[in-house]
Every structure is written in C-alpha cells, then in structure tokens.
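Take a look at the structures below.
The same chain A turns up in both complexes below, where it pairs with chain B and then with chain C.
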Partner chain A sequence: MNNTTAAARTDAVLPKWNFAQFASELTEPAPLTSARKAAWKRYSELPFPTRKVEEWRYTDISTIDFELLTPAIRTEEIDEELPADVREILSQSGDRAGVVVYQDGCVVHVELDQVLADAGVILCSLAQAAENHPELLQQALFETRPSTAEEKLWTLHLAILSGGYLLHVPPGVELPAPIHTFNTLKTPGLLTSTHSLIMMEKSARAAVIEEFISEDLDEQTVSLHGASVHCKDSAGIEYVTVQQYGRGVAHFSTQHTVAHHNAKSITFNVGLGADLSRADVTSRLLGPGSDSEMLALWFGDAQQHFDHHTLQHHKAPHAHSDLLFKGALTDKASSVFRGLIQVDVGAQLTDAYQTNRNLLLSEGSHATALPNLEIEADDVRCSHGATIGQVDNTQLFYLMSRGLTQRQAERLLVFGFFDEVLGRLPMAGVRERIRGAIEEKIGL
Partner chain B sequence: MPQNETIKELGLDEYKYDFVTDDKPVFRAVPGLSEEIVRQISAHKEEPEWMLEFRLKAYEIYESKPMPEWGGDLSTLEATLDNIYFYLKPQDQMERSWDDVPQEIKDTFDKLGIPEAERKALAGVGAQYESEMVYHSLKEQWEEQGVIFDSIEDGLRNHPDLFKQYFATVIPQADNKFSALNSAVWSGGSFVYIPKGVKVEIPLQAYFRVNSERMGQFERTLIIVDEGADAHYVEGCTAPVYTTESFHSGVIEIIVKKGGNFRYTTIQNWSNNMYNLVTQRAMVHEDAKMEWLDGNLGSKLTMKYPSCYLVGEGAHGEILSIAYAGDGQHQDTGGKVVHAAPHTTSQITSKSISRGEGRASYRGLCKVYDGALDAKSNVECDALLLDETSRTDTYPYIEIDENTASIGHEATVSKVGDEQIFYLMSRGLDEAEAMAMIVRGFIEPVAKELPLEYAIELNRLIELEMEGSVG
Partner chain C sequence: MSAPLLVIQDLHAKVAGEDLEILNGVDLTVEHGQVHALMGPNGSGKSTLAKVIAGHPGYEVTKGEILLNGEALLDLEPDERSRAGVFLAFQYPAEVPGVSIANFLRTAMNARVGDEDEMDIFAFQERLTEKMELLKVDEGFASRYLNDGFSGGEKKRNEVLQMAVLEPALAVLDETDSGLDIDALKIVANGVNTLSSEDASLGVLLITHYQRILTYINADHVHVMIGGRIVESAGPELANKLEAKGYDWLHQAAATV
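Now for the complex of A and B:
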C-alpha cells in the first residue's frame, strides 16, 4: 500500500481502529456487542504474528496493514430478491435447500425451503440468532479458543464481525440439497469478517457449499472468515468452501469442526483465487466412533500464495480421521502445508492419516510441506506422507503423442490429479460445481 | 552466570574442587562460563592467537543468542550451565578409580561380556595401553599412506595450515547457540585427514586412537576426506558411559571432496541426567557420498540432527538414525539434507522406539534450492510405541524451490501387535523375549549397517533396556 492511500485511510471510518466509535455505529443485540468488546480487548493485547512465529514462518502478513483498511460495518438490509449475479450462478448449479448472500461482508439475502423451515430448520443471520438464540452463539462461537498463533486474527474476526449466519438442523432432519452461500466483494480497501455457525443436532444431516467471489480489486482488500461446525451424536456434515476471489484480496479462513459420538464430518477447501489465501482447518474428534475427512485442493499461478494449516485432534478413542490435501503451482506461485495429527493420552485405537501432494509445474514455483505427528497413545495406527514433484513425463508424453499440446496435456494431468480429491465428495451437484470452477481456473 | 570472576576467586576454587591427590598440577576452571575462562582454556592449550580470537568471538555470539524455544525442554538448562565446569584437564577424569564406577554400570559390562581392559577404558577409568599396543601396527600402516588421525589439539599443533583452512568452514560459530558455545570452549575430539585416493578399509575408531584423550564435554571433530578417498569413522562407545557430567555439546565437521566416500557412525549412550546438544554436518562435494549412522539411546534430552549439505553435482547423502527413548528421556533427533546442486540424491531412514514415559521426536529438514535440477530425496520415519504413556512426534520440514525435484516423505506410528506377540509366544518364547525380538526386527534396517561388534552390542543394549518392560 502506498503512502497516499495510507494517508487517505486515516480519515476513513476507523482512524487507526477507533473501536469504541466503530461499536457505537452498530445497531445490534447486546450479547453480540459485548462479545465483540471482549474479543477486541484480547485483540489489543496480542501482537500481530510475524515470521518468527513458527506457524507463520512461511507466510508473511506484515505487508498488510489491517488497521489501515476500512472495516465493513454490519448492516441489516435484507433484500427479498436474490441479487442478479447470484441468480445467474444458481441457475446453473442444481438443487438447493437454502441460500445466504453476502455483499461486502454484510448479509443481504437469506432464504430457506419452506418445507425445511416447517420441520424446524433454522437459517438466519447471526444478528437474528443473537436475538433469538443467544445461548447458542455463546457456547458455539464466542467460547471457541483457537491456538495461540491464530488468536490475533480470530479475535479480530470476532471483534469486527460484519455478517454471518446460523444454520441449525434439528435432530433426525436431513437436508435433501445443499445450502449455498455467496460471499461477494465489490469495494476495494475493505476489511470484511463473516462467520458460518453450523449446529447439527443428533442424527441430522446437511451439506453446505460456500463460495467466495470477487473481481480483481485495485486496492488491498481483506476477507476474514470463520466457520464453527458442531456435529452432535451421529450427525453428518459436508462443508465445502470454494474461494475464487480476484487479485488484490487476502483471504483468511479459520474453520473449527467438532464431532461427537459416531458423527461424521467432511470439510473441503478449494483455493483458486486471491493473492494470499490462508486456511486454518481444525477437526476435533470428541466422541468414540467419530470420523473426520479433511480435503483440499488448490491451484496457484502468478504470485499467489496458499497456506494450509491443519489439525486433526483425537481426544476420544476409536475415532478415525483422514486428510488429503493436494496442490498444483505454476508461474511464481508458492504454497505451504502444515498439518498436525495430535493423539491425546487415552485416545486408543485411533486411525489417523494425513497426505499432502504437490505438483510444481514451473521453474519459479515452490512448495513447503510440514506434516507433523504428536502421538501420546500407544494403540494407534497413524501415518503421514508428503510428496513434491512434477507431472509424470511418461503420461505427458503419451498424451502429447495423441495430439495434445504440452500445456493441454499438463493441465489435463493436473485435472486428473485433483479428481482423486473431488471423487471423495458424496454430493454430485457440489462436485460438478467445483469441477467447473477448476476448469475455469486452469484453462482446460 | 557468574561474571567478573577475580583471579583470587579462581585460585580459591582451584583448591576447593581439586580432589585429585596427585603431585601433577591439574587445571580446572571454576563453574560457569566467562571470558576469563575462555582465555584460560586457550592459554592452557598454548594455542595460536587466531584461535583465541575465534573463541572469544564465539563466546560473544553465544552470550547474544537466546535459548532455543523449539525442540526439547531447555528451561532448566541455564541453571545447569551455571554449575558445570567448562574445562577439565583430561588427566583427572582418567584417574578416577574403578571403585567409583556405579554397580549398575559394572553389571551392564558383565552382561555385555566386555573384557576387563575394555571395560575400564569404556568407563573412562582405565589406562588404554592395552589397546595402544594392539592398534599400533594399524597406525603405522595408515601413516605410511599419509592418513592423519590425531586428537584435535595435536591437529592444530602439527598441521596448522590444513587445520586453519577447514576449521569452522562447515559449522560457523554463529550457526546456533550451542555451536557458538562449543566454538568458545571446545576441547578434545579428533582431527582426521584422508589423502587423495586412499581407502582406509578398517574403521577408524575414536577410542582406539593412539595418544587419545577421553572425549570431553565439548569435543570438536574435524574430518577431511580428500578426492576419491574412502573411510569409515566410528565414534563413541556402545556401552554406557560413566559420567557425572550433565551437559554435552559437540561439533562435528566433515568435508567430503570430489568422489570421496565417508561414513560416520556414532552410538550415544550417555547417562540419563545428561543434556546432549550436538551439531554435526557434512559438506558433500561432486559425486561424493556421505553417510551418517546415528544411534541415540541415552541422555535426558538429545537434540541432534546430522546434516548433509550436497553442494556438488551428483553428491549423495544418507542418514540412518535410530532413537530409543526410555522412561523420562526425550530423544529429539532426525536429519537434514540440503540439496544445493543438480542431480543430488538423499535418503533419510529414521526408527524410533518410545517406552514408559519416553518421548521420541523426529525432526528433519529436506531443502531443495532453485537450480538443484532433478534432486531426489526420500524420507522414511517409523515409530514404535511400547506403553500407553509413551509419546512420539514427527516434525519434518520439506522446502522445495525447484520444480524438477522429486521428494517423498512417509511416516508411520504403531505399537507392537498383540497377534505378533501371541504368535511368538505360541512358539515357546516368553513375552519379554517376544517383545525384544520384535523390537530387534524393527531396528534391523539400521542395525545391519553397523560393524558387527556394534550391531551385537546394540541389540544386547536394547535387550537390557527392555528388561522389565513387560508384565
């Protein structure tokens, strides 16, 4: 950010984070404001993570001056109509059970299938949730404690929350189609903060697909995103995010999934856009028989940087987790994968796996992999693997002998490389949507 | 850390702590570290001026660097360092009597079947004349071919040019806090030079070294393997080392020149109150091959990551590592390979066993720099957990800046299967024997690379450590 912009920004809504003024401009239920204030207090005490902090060693955020950005102020101007651009996308993406649309970090549209609403499913903005279900927010969101290294951005996320939604699925209810959300950014120089709070009661089932979209923006813009996904006994969730922001955007997503007895969670992160994209994905297995599948794929070009930070935390015995993260990089793009399987004392009969595979397609690209294990129980099966390499020359040669150019052949192989991850998503509609996004990005 | 120790205080301490009733004057510094002590060590060794300056600079760096916050728990180390002697003249260690050796260690020697003379040598209490005679002829043979195998002090004295050319080129003072500490107070260690094309077929063994002094707490080893030369160096003892020392920080520097071939084997079995923080690194040139064989059985905390810097085209590095973390021990070990030239290859194989409240961590680095075309590296870590309270960690760092690289890392963690134990017991073994057999099988890929007598001893040591682990 150059000096003139910096000067202009000091006159913006929040001159160097006048939080009191920011909070006074909000009209919202009291529990939300007091949670913000608590988060702000903690935020003010913490230093920004630098590359000296192990978790941030390979991702430099010192170039972003968060306090010079304009925080999006939460508004509650819900539009009955679906915005036109979103309607366009939805027309191509099959059935859905509900829709949430954000613009510049604020919720502008929420809709839910009437049949589901009648069955007791709740889909509403966080402000409404704060009014009607404050206790849910308190226990499921405000009491979440991230790791020390993530706390700075997490507390900022809560303090300046600009929008969010609650999805609550009552016991035994199964959503027939996914909830589809759109996080669109239009104004350059903004700092937005959105949160997805998903509560799955006993034996409830749902799929959520979240898309993050913008054009290229000509000023540094930052999107903070959080997701808290709670699965009670035997519940099931498929949580998918597709990040396709334009250049100029930095995206930080913190996702916490909790699975109780026999619950099954699947998270899937697709990273295609933004200059800098960081996903911190945690899965906690709290009940015996719980199962977590963590999937991700990313394709980086130009000077994009992707950072994936994961934790598979086994607190209960007899749980299973499996992680598969695959990335391909070209031009001068770079990526980091840092994963940890943590097995607590007493979490016997744990089955945990972690795999990270990277393809480097160009001379200037580079990848870092740090697959870690910390095992404190003895009756476990844990393994991890990481590879970094190029596409297979024999395969490339074969495809080229069938008439494809090198570029076409290479891209086709990358697509195949990703398909292993995609194939693990149960919902066909969601799979197709992601395939389309990847095709568009890699130019197949 | 005590500062500005006056000469007077030094004098007092000299009497207070000097329990050796011998007419030879024995030098001993006061506990803790100061610039004065560094100067004394250098003066005592009658070193050239440049070495004194090197030590003082290192001391400055050591003081300015913070304690590492990663790896093992070093929180009590600072206090330990204030109380240890940074320099003891080797003689007084050697003049302890056999009676001072604790009974448990004597028993271990008995169980290992080590001959009386060797036992005394291993425990650091016996004279080494017996072995001197045996190996005297070997020494002559090496010398005829130009091989130098000296103590590090003799190396500096007798081969000053060669020494100065390579000393601290692989591990500079400022590399890390403990390499700086070692650079300031180093004492003891080996200086080895293998001339061009010479192949030394018998392993060079540190404790067979003629005129050898027992390894100090801050040993410093410098090994130069010239073009096309070939050698194997074995360091340390496989039997428990009798020591009252609580801190060990060595620096091992190795240069393998074009087409050279070198293997460094070390099996560490320090006593369980010891901090063992070692920096060991090899610079591997064109078409040369370096192998580290690293065994860590003892100590309270070991932090040791043998490294290969592959700086010449076609260089190959291999690290075979085995760690055994018994009750209360933390083995934070692993290996580093840095690929800085095209067509370089490396392999790391790590095996660890944790028992009781032991913790074994693998920490490693695989770095490929831009331009190191077609670098290939493979890392495999296997961990075995023997008890509910045991812990194992794996922390590999894989940093790749070159797209033609091909890198793989795999790790597995498991326990000894009930069905495996059951099968062996059905064949007539008792549970402890069955367990020991499985553990031996687990470490076999590393053990088979050891010279025979070391492999046998390693197996027996593991067996001893395993006693009482079942039932």
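Now for the complex of A and C:
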C-alpha cells in the first residue's frame, strides 16, 4: 500500500528495490554507476543490522522499512541563485569561502570564492567530480572499507547516492573562511543519500560546516550521509555537522577521517533534530605526529534518540587523539555513546583520550555510555572515562534565586555544560553559528 | 501607610527531613530604606534564616510567616521570590563554569520581564555597563564564567554586581564579609553603600559574625540571634558592645527566656 503511494509520487520507482530500473534512470559518468552497482551487490548480500548486533544493541532500526521509502534520484539541476531560506541563514552567519546547497538530497547550488578557484581549490558536485577527477573518487570514496556493523547502511548510501560534493584544497592553500553546506529536506517519505568528500593536500587548511535542516515531516523520511575526509601531511581540517532536522526524520551519518604525518583533524557533530540520529565517526591516524580531535554535543527532548559510535584508530606512532562527547537529555529522550580507542602494535607513544559526559534533566531520559580501549602497543598513554549525572542542585538554586525559572536555570546549565566543547573550536564564526542553533533548540 | 518591606513573624524552620528546629520563633521587621544587621555566634541560625527567606529547598518552615510588602512569601518558589524583590547575596556562591556573568544576568533580566517584552540586548548591555561603572568593576569581569575560579573577594563583588543589576527591594547579605581581607571588605561595603544611596527604599538585612563590616556599613538596627531566636535588638551601639563583651552575656539572657 505504502509502496504504491510512494511509487506514484515520483518517477523514481524502487518497488522493493528494483535497482536495475533505478540505475537505468540515472544519467551520470560510468564510474559512478559501476561503483553504485558494486555497492548494491554487496548491500543485497547483507542483512539489516538488528539489536542482536552489539553495535546496534541500543538502536532499533527495524521500525524503518528502508525499502518502502522513495529514493531521491540524482538530478543535476544546478541553480545559479542561492535558495531564499539558505540566503536568510547565511546573512546571519559570518564570512564563507563557498556554499553547497542540497534540496531533498540533490545538489542544487554550488559556489566558491573566485580567488580560491583561481588558486586551484575545487568545489563541485560529485557527478562533476566523477567526470573530471574519477581517480579521486575511486581512491577516496569507493575504496573506503567500513566496519562490519556499518557496512549495510554504507553500501546502501553508495548505491543510491543522490548527491554529494568534492572539496579539494591544493598544497599549501588555506581557506580564509569556512565552506558552508545546507542539506535541506522538504518532501516527506524520501530516502536521500549525500556524501561529502574532502581532500586536503599537503599543508592545506580548511573548515567546513554542514547543516541538515527540515521542518517536521509527517511521514518517515530518512537521510543517509557519509563523509570522507583525507588530510595529507601537515594538512588541517575542521569538519562540523549541525543536524537540525524536524521530527519524522531519521539520520544516519558515517564519517571517516584520515590523518597523515603531522596532519590535524577536528570533527564536531552537533545533534539537535530528527527522531533518530546515528553518527559513526572514525578517525584513523596514519602518520606520526598526526592529531585528531573528535567532538560532539547533543540535546534530546521528547522521544528523540541519539546514537554515537566512535573509533580512534592509531596505526602510527607518536600520534595524538582526544575525544570529548557531551549530551544532555530531557523528557523521554535517550542516547548512546560507544567509543573505542584502538592502538595497533607499532603505534608506540600514542597519546589518546576519550571522554563522554551525560546530563539528564528528567527521570524519563536515559543515557548509555560504553567507552573502550584496545591496545596492542606497550608504551602508550591512553585514558577513557564516562559520566552520567543530573543537574547540580546548588547551582540550580543559585540561578533560581536570581529569578530564573527552573526550566530556564536547567537550560542555562546545559549551555554551560556544552561550553567546554564549543570552546575547542578554533573558528569563532562557526562557534557562534552552533551556539545560535543550540540556543534555538533548547529555548533559552 | 504602606506595609513594611519585610515582616517575619514567629518563624520556625528545620532542615528538611530532620527533626531539630534551627529557627525557634524569629520575629523581625525591616522598613523600606533601613539597614538591619543580624549578628550572632556560629550555629545560631543566621544563615538558615537567610536561606529560608530566599526559599532554599533544603529547609522546611514548620510555623510562622514571612511577608514582603504585605504579601506572603512562603508560598512562592525561589525564582518567584526573586522576581518579587528578594535578593540573597550568598555566603558561598555556586560556581557555574561555561556560563558568563553577562549571559546569566541577561537571562535573569528576561525572566523578570517575560517573553513578550524581552529586554533588548543593547538595553541590557547599557544597564550592565552602567552598574559596572557604578561599582568600579573591570570591563572584562562580566565575560568571565560565573564564579568559576574566583577568589573570595571576586565572588562577593559578583554578588553585589548582580544585586545592582537586578535592583531588588530587599537585599539579604549572608556573611558577605567572611573570608575577605580588609581591602576586599571595603570594596564590597562601598558597593552596598552605593546601592543603598542610589535606591533610598532599598532594605538591607546584613548577616554577619563580625562587627568589623559595620565600620563600613551603617546599620540602623542591630539584632543578636542565639539558638534560633532574636534575643536582643538595639541601635548601632549594640555592635560595639558585642565587640567589647562578646556574646556570652547574651547566652545567659537567652537561657533565662
């Protein structure tokens, strides 16, 4: 029944996944289509993860029938104009080096500062990248090996890719302002799949802020997202996602960051929206002196569920990684943090930390914290810790004695709780944008 | 004739969940514009009275009344009491990392006016700057996190700054002088004096263990609390007498009551 309705709404018919038909409707460079087909083949062989799989124990996706959703079909209708709603947000944000806008999973607008384009920076849709730089796509995207637990959704993500972009920053080039992307959803019942491919050459530097935005949608809608971030020697990236989808949306983001010799990566995931939001964040430290900072904040209310899986994989000696994930929950919201620091045999003098802190504002909210270490080298410094606590009553009374209602006082304390993480972001403009989004969500 | 600013009648209170009463029938009236000092030895119930006035959830009132401008205060939540005009300067202000003084005070101001006519950020900033100048507080102070890593003196100055911005009708200063060196004490005392000269109707209840702050703040009335009751009330000369004779002579008086 659902199926017929979905099929009737667009031309992209996937009744129980007629992939051949779906693929035949795409007009795109051949490498992209053959990568899809390979991914689809693998996808078809894999079962959907159930709660029997350890990594999915606390997040039930059996209620989402992916194959009844309407896959967004990749279109290439690039509009020269910035959509009005995005223009509005950008007018309140700081400077930017470039913009990518998606609507319902398809790229509709790309712009890049001319000076940077002249300096050799590439910012283009993945379809264009497949045309002009097929080798980049091949090595940086299609050869990514996800973990077993991620593989089902990862292969689906690649098979039905509806849009994406490539940011390539040549050696030594530094972007003076962030690239700002907007992933906007409008049509209920869709399944979108977008990918951010970021290649930082030697000593290149950039910041990217990605926003995921929609109204509340009255039908189950799913957003699949992937990010592949590659930092060559001494490169630096600040990669930020702010997920502010409305209710009715489920969001799955799989992010892989690779840092070579002396490269520095910062990933920052902010979870505010959607009913269900999962982030699998992997950072691989491949070169000595590499440094990875992994940050996240989330605030859940109603029955929202946030799930975070992280891996700090130290493959090289003398590397540093530091993870700080903080979440606050109220009403009946729930969250999961499962993190692993993995240190390979040769990765001596690794310096790795992992901290997860949870603040519960209501009796009905629930947080699960599962930090973990797996160390095969013998000369390392690693620590992990997790806490789950309530608001401090002394602080609460102090704030209320100045006239703040209990709700206002609690929200202000959440803000203070988050500040430690926000303070770690080097770019003030990005920090302010996140602060604004959080303020809007928690309603101070 | 309007109602007195603060009337406390036969107030009894205990720590919530325990049996022992800490306040055993406190009676006290503070008129608009008056400064009252409440003195007494440690453990006499002074700070408990301050917290009960502010509505601390750790205490339970078993008998009696507190009226602010004739309105019953005890039915109100701590935030409602604040909005009604009560301000408690804490003996040990809580540290709140991550929340700046400015952000906190702006939220507190907005809580007073309600969502509809939220205070303009510029109007707020103007008010904050004005009060900081009045109290000779450094410009950067308001962007610091609330009491986070503050010295004792800075915490007390912060309390006085909050009081200045929130403009209460009644200020209860709980051992605001404790733990301060003489310079810090003078700064805080000057702040309180400045605020009471700015607002002639401000009532102050100054709770202190030591007489020395009364060298800098002129009290109209001095009370002594022992065993959870006020056992002696007089003019400012009482403070000098306490300085000379200590509290022992009053212990005897208390015992005979």
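As a working rule, the second predicted complex is superposed on the first by the 432 of 444 C-alpha atoms of A that agree within 3 Å, B and C clash if a C-alpha of one lies under 4 Å from a C-alpha of the other, contacts with A are read in each partner's own complex, and residues count from 1 in each chain.
The criterion applied here is as follows: contacts are C-beta pairs under 8 Å (C-beta built on N, C-alpha and C of every residue); 3 or more make two chains touch, one makes a residue touch a chain.
Treat the numbers as computed from the prediction; the structure is a model and nothing was measured.
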| item | value |
| --- | --- |
| Fit-or-clash call for chain B and chain C when the two complexes are aligned on chain A | fit |
| Chain B versus chain C as contact partner of A:80, first or second or both or neither | neither |
| Angle at chain A between chain B and chain C, C-alpha centres, nearest 10 degrees | 80 |
| Which of chain B and chain C A:388 touches, first, second, both or neither | first |
| Chain B versus chain C as contact partner of A:399, first or second or both or neither | second |
| Contacts of A:413 with chain B and chain C, given as first, second, both or neither | second |
| First, second, both or neither for A:135, with chain B first and chain C second | neither |
| Residue contacts on chain A - larger count, chain B or chain C | B |
| Which of chain B and chain C A:373 touches, first, second, both or neither | first |
| First, second, both or neither for A:361, with chain B first and chain C second | first |
| Chain B versus chain C - smallest C-alpha distance in the overlay, whole Å | 15 |
| Complex contact set, residues of chain A against chain C | 392-395, 397-406, 408-409, 412-413, 415-420, 444 |
| Contact set on chain C toward chain A in their complex | 54-57, 77-79, 81-83, 87-88, 90, 93-99, 103-105, 107-108, 111-112, 145-146, 162, 166 |
| Partner chain B, residues of chain A touching it in the complex | 54, 345-346, 348, 358, 360-363, 365-390 |
| Chain B to chain A touching residues, read off their complex | 70, 370, 383, 385-415 |
